[in-house]
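Right, one structure below, let's go through it.
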């Protein structure tokens, strides 16, 4: 935890993620930081947001107690629907989910995401857990937000494996492979926030976190970073955001660093 | 009338899960994971299993570490709360197991296709992804009405589904509640079903609420009484999640040597679910449900 | 928080079912048929409707007789207890309506495809039948894995599903129990949902049992309080089937003239569900549930 | 009702139908006479038969009161599963249903059944209710039994419309159109019982009801009737069968004539 600013990198990322949720939106909520981001949004600017969880849960209320995983019983309590995974995926596939959040081990400049394996093509493979619902969210939500640590080994020119499709190799690719909507809308890293150029579908640096610099970001990115003409500094978490966040992660399990 | 299918965990696993079986388990994702049944698979030293599931949490990792597994058809294998599953990772990197990568939607549809008795189902996910690289159960198909390209998912028909429920009668009619994950399609698709249950109750109690029944009793092959059978995962209506066990497991599985000690302590020294419950002793009260929330009655009369 | 969707039947039908709408109704087959809502469609003189359903019992026949209907996508239209639906028969023979014949499975899958957001689903039924003669929503497709021929059913996405339930909150979270028919997929597939409910209850009562909820409340457009809203069909938990009405209806619909009298008496002279209940007066006690059978409680606490 | 024999034609048909059900079989139960046939079998030789109903019901016990339709609440009471129509159809499509029963307006010598419309091809159309689940049962059950009134206008050389496929135009047809199993096993009429020749898939008269004759049957059949070398008389309903039947249809609504 950074004593000077009074918040951690993770807290800043969760706050930035939570701001991507507008009131009334249907949000497909993933594990870990996205789960917290949803709870923060729901407590502040988006009280009518609806949470859809791949376990087969739809919730309109925040859980009555802090939860570490989406399967914790307080996250089932008084939900608006306990159903099949397939039911939640049907809402997603129909186009009823506005936004979702996914993390990853590798991302490239077109927002393709890898959570399956790195290496290959002659080099040793490092195996990761896999897609879970991430591939589905990246294919089927109207937009998805990527949250990940900003390190050069993760921000690579081309991911070793596409678990969750971004814009492939650029404009028109999603349509060409048969995807019917969606694509990444933003990438929230430990250093800044990227959006995507609607013309080229490339990642563009939109804001730099307090304490980070464009140079630091360029150094940790495996391709020449494009920078928005409207580049700004990421707003630090507000007191309200921090207080909501700490209510849901009181032990700082997810946001301790 | 019908014959009781109630038997011990050891008998159920020995009779219905021969070496080489394909098994759907962990089908409720993060809740109600049939750990007790999984541990019995390890205890009996099963070999050559195919594991089928969505997000499997640490049960798949344990079975892989114990050398029971030849193939995995799943969307995610790891530890929900800590990330990487070390046994899984080692086994893949050392090419000791074959992985067919799915997404949660495609593994659900593979079982749904099996449940429906069709050989494939179409969907709009996974197109453009590299899931197709390792998974022969993913192709594409053109809609005969619109000409649109869809992903096609091949049916999976497991030899057996192992599902943990709150209460069952001895014939296999069971009540399950909470998030359902892909349990319904897993049961419908599988050739056999082993139900492990927190409680064995009368048929009368179950049939007083037939909408809450998980799957047709006539499809069930074995019913096992397994209180705390989903620990450390949470069981709606019964107990909360034991986070500490998952966090601890990460450390205990970091090397093959550490995992061998873990196995010795939790699998081989423990001969049954009842001994296991004695071992977790203190956890039981710590995890118990303290904020009860009871359903409104429903009338099924005439 | 959310806004109440509670409104009168007249408002719900007037607002959410414009002329020319396609409507899924009668989705629970023989039980819980939304007669009160159907009668309001007739009262408001809707035109050009497409009716979508499995076994529709006499509600489809009534709507067709009242001239509301242009097209039927269904598996069976008639009177379950007596057979032929005379209005349906006349309308088809005089070519006043178009029928796309389904089977129960294909109409279910058409809605399931809509629910899942795919444009078709495969199945193994209807091959070799003449359902293909009139139904452009049936073709064949080859499985990309096995090369086997399957029937392909085109998705149906109704403008609105009208479903009668036992109890709902004002936001559209509702408990439904009994046989489910094709109600779940009809709700998931439809652009709008009108729920008519025997009882309006608190959100707290509903969310104490989230597995019993029919469909996500955020998909529901209108909630209507309609006690006896499924009469004369049976409503689990509420009342038994009024067989006499179905038998009598056969006689009352034998000719257009008889049906006009029936309509005058049961639709146009009756302005609301409350007047209707007054009209059926005696039936209410005769049909009431006398052998109660109450569910075992379930705990959703933590 | 025939005073001499003490039972009606319908009662004889229901009894004959009920005998087609073996103990422990999974039976997809249709409306009207089949519903009664199942209840009679379940009360006598097949106590462990499981009833599957297209409404989304699975029952192992007979209903506690007489029922007129399968949606009557006593038929839901204490059932083994209340579920979706699709669930019951999935059991059927998977091949878990042994036997089913369907009625019809027209049948031909290959057991093709029409419940949709008669006429056409220049003549006026008479519209009937349609398939309901009948097409599915005829396509997907391991075997199905046809129950219908024996009249010449119904027993036609070729049905005007195939609602529920039998053997099409003969051996090999089902496979050729893509059907994966099944076919009609028997036809129970008001005059006799037919089975199907495994070589030609044609209907063969197996037994003649008491009071009926081969000539009467030939006269009411629109093609030259083939007669089994083992032709017998249909066993009349037993006292047990009649007593079970009358318990389930006490008003003689379905079996009064």
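Letters A, B, C and D name the chains as they come in the text, with residue numbers starting at 1 for each one.
The definition used in the following text is that a residue touches a chain if its C-beta (ideal position, glycine included) is under 8 Å from a C-beta of that chain, and two chains touch if they have at least 3 such contacts.
What you are looking at is a predicted structure, and each value in this text was computed from that prediction instead of being measured.
**Q** So which chain is the furthest away from chain C, centre to centre on CA atoms?
**A** A
**Q** On a C-alpha centroid basis, what's the spacing between chain C and chain D, in Å?
**A** 28
**Q** Whole-Å distance, chain B centre to chain D centre, using C-alpha means?
**A** Measuring from centre to centre gives 41 Å for this pair.
**Q** When the centre of a chain is set as the mean of its C-alpha atoms, what distance in Å lies between chain B and chain C?
**A** Using C-alpha averages as centres, the distance is 36 Å.
**Q** Would you pick out the residues of chain A that each touch at least 2 other chains?
**A** Where chain A meets two or more other chains at a single residue, that happens at 64, 72-73, 76-78, 82-83, 86, 92-93, 140.
**Q** Do you know which chain C residues sit against two or more other chains?
**A** If we look for residues of chain C contacting two or more partner chains, we find 116-118, 123-124, 140, 148, 150, 177-178, 180, 208, 211, 236, 240, 289, 291, 293, 300-302.
**Q** For this entry, which pairs of chains touch?
**A** After working through each pair, the chains in contact turn out to be A-B, A-C, B-C, B-D, C-D.
**Q** With touch defined as at the start, can you tell me which chain A residues reach chain C in the complex?
**A** Interface residues on the chain A side: 26, 47-48, 50, 58, 60, 64-65, 72-74, 76-83, 86-87, 90-96, 140.
**Q** Where on chain B does chain D make contact in their complex?
**A** Interface residues on the chain B side: 1-2, 115-118, 173, 188, 204, 207-208, 210-211, 213, 215-219, 300-302.
**Q** State the interface residues of chain B toward chain C in the complex, per the touch definition above.
**A** 116-124, 137, 139-141, 143-146, 148, 150, 152, 154, 166, 175, 177-178, 180, 205, 208-209, 211-212, 236-237, 240, 289-302
**Q** Provide the residue numbers of chain C that touch chain D in the complex, in ascending order.
**A** Chain C residues touching chain D: 28-31, 54-55, 74-78, 80-81, 83-85, 88-89, 92-93, 99, 101-105, 108-109, 112, 123-131, 133, 140, 148-151, 177-182, 184-185, 233-234, 236, 240-241, 243, 289, 291, 293.
**Q** For chain D, which residues are in contact with chain C within the complex?
**A** Residue list for chain D touching chain C: 31, 53-57, 64, 68-73, 76-78, 82-86, 89, 92-93, 116-117, 124-136, 139-140, 161-165, 168, 173-174, 177-180.
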